[in-house]
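Labels run A, B and C following the written order; every chain starts at residue 1.
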């Protein structure tokens, strides 16, 4: 009997230790104030800079950033992930969040983004216009219509009156870029900001029809925010001239 | 026959009772997520979700490519295993470790490696281009990616079976006048058939679940390169219900394959 | 001459040569590690000697070593069938298909191969087992099938490596008779530990020790007049080796053994052997004086019951006495005693 009890208690101990390992992940707080920001992956560089700026302005405040696909982030928030601010890469995803009632106040658009054609630096298929993408033997890679950049691509096709037959419909902008930088694809459709971020690894080809498809980036303070005021201050920073300047340098358009 | 009777008649040596606790915890750790998936399924729309055009295309593409990659694994993996198990040569140990590398390599890295090999600007890219073969973004690329990650499973399983079987029967067969090919066909292969079968099942299951190398190397296009795991990943973006339903389909297929293999081995 | 073997395998300390004549069965005897299996391996092509030559029916199978042609015929092309202690029937084939394996490998059509197989199964007396899987056969039955399988391959040379060693004693006599029948007129090598096998199955015996041939000759001669300690032990005889001097065999320790000379008498100073049966040895507690007997003072090293007798070991010599005599003499290990044997019970012959 005693041995059985000991066995059971060691099992409980095992479970408890697992639970405590899991708990460790949550307890990042050090008593100081923290703003947790969930932001679309395309905002990584800009928001990292802005977070540093915010921390300099607010003594003792720490900004925790979590980047990912907008849909993933909303899914996590719906499952109860603790966050104060959410910045989405498109309106549709923000709508999902507001439909679930997770916001405090109305989302505000803080940036826009448009599509641009991207090719390897030497532009092997000599792409100069959107219509060139439909040429024979041109390997075009786009985002799948199911994801925001793919939805924008479909609209661009409609605006240009050109139907593309892509060799691949990728999951994300990053995947499209990877196919182009590796030279597998002759061209892809990504956001202007992605072309800016990729620097010399790719060659960007702007096209007039992109003006018809403007993607807007909304930001909102979340209802669950621990310190709503502080969270709003971060949103204000993003909307300020400082924030807009940083976004502009990354290629984003003004709302 | 004798072995079966023995297991029935003999009482095995007892197991320490505490052993059951981690065993049950471990089993729960594996089974609970499966239960969670089943619980998440939206049964009222299940039929529609898994019979959508995208789902069906992904399902058949997965079955076809997995079957093709399993065939490739058998065609190349069996000879590899035989050489590794039956011949001692310099660098055999190193070669064995390298062959097993895809087991530990993140599949994405495997995909990149394939890209650098078969891609347009890869090692063999210009040669393949000259032959008019374009691997990237084709179903062939999917099969290559799956073969790359699944091959070690077959080789490991087969090599183990070969080593266990030993060479005694092969020596006898040779002394009876059977040439190497006859020995291989009539003695070696039949003796390791169970090992080959389980290796093939593992390879098939691994191919079916392959994601990282495929998305990196082959791209994603309905009916051509978008296999079931890629479809699940994509659907998750917009239609989590469909993703869950497809995930369940994938699980069921894997369980069926493993179950069938087990049954046919029982017949052997 | 049918088989001609000479080989040096340095790693196993083997350096030997032997011949098997056409239609002859050669028994190879020798303690463990004496090189018996290595020799078979060289003939079968499973062991490549450092230097050696194997010729079977005029065909060179192996010819390796410095200055040799380097010929190494693959095992399957040698026509040398090898049967070991274990039958090693292919577990996935039934008895008939096992036996048909050789003919099939030689290119015979399935039906012909099966007909052959049936004939050979019949030959070894297990035709009724043809549909059985190896797992459904007893050890003796399986070994019979294995014999049939080896014979069906129609080898130019059949090699049996202790074919009866792993079998139940009860099935030995019948299987030994079968082997005797199938080996008659066949060119074969039988490695064995059993003198009975050597006598019944083989025409000639070769005794190996430490990788060398130490003795060879017709089976009956070797077993009745052994020249090596191993052969003497197999034959159940005491063996004393020494030099022929003044009508007796004088050992290195200075013992003199008198006996009846068998065959050509040894020349003075020539190596000679004296052998005698353990049952011919009488054991005394005291020294024995003046009789036509050989008497050796010995220290008893072991006492071993042997059916209705007691075997008394004293170093390399042994004596068989009745239980009663052993009790009366109160024989114990460590006791100094005298072994005595009549000269008429001792055979003396030349060592070579």
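One rule holds for everything that comes next: a contact is a pair of C-beta atoms (placed from the backbone, for glycine too) under 8 Å apart; a residue touches a chain by one contact, two chains touch by 3 or more.
Just so we're clear, the structure is a prediction, and the values are computed from it rather than from any experiment.
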Chain occupying the middle, per Cα centroid: B
Chain at maximum distance from chain C, centres defined as averaged CA atoms: A
Separation of mean Cα positions, chain C and chain B [Å, integer]: 54
Separation of mean Cα positions, chain C and chain A [Å, integer]: 85
CA centroid of chain A to CA centroid of chain B, Å: 34
Residues of chain B defined as touching chain C within the complex: 1-2, 168-169, 171-180, 182-183, 186-187, 190-191
Chain C residues touching chain B - in the complex, by the definition given at the top: 44, 46, 74-77, 79-82, 88, 90-92, 101-102, 104-106, 135-136, 149-150, 153, 155
For the chain B and chain A complex, residues of the former touching the latter: 17-18, 20-22, 25, 115, 119-121, 136-137, 215-216, 218-222, 225-226, 230, 233-240
Residue ranges of chain A touching chain B (in the complex, touch as defined): 3-4, 6-8, 10-11, 14-15, 69, 71, 75, 139, 141, 144, 146-147, 166-171, 175, 178-179, 182-185
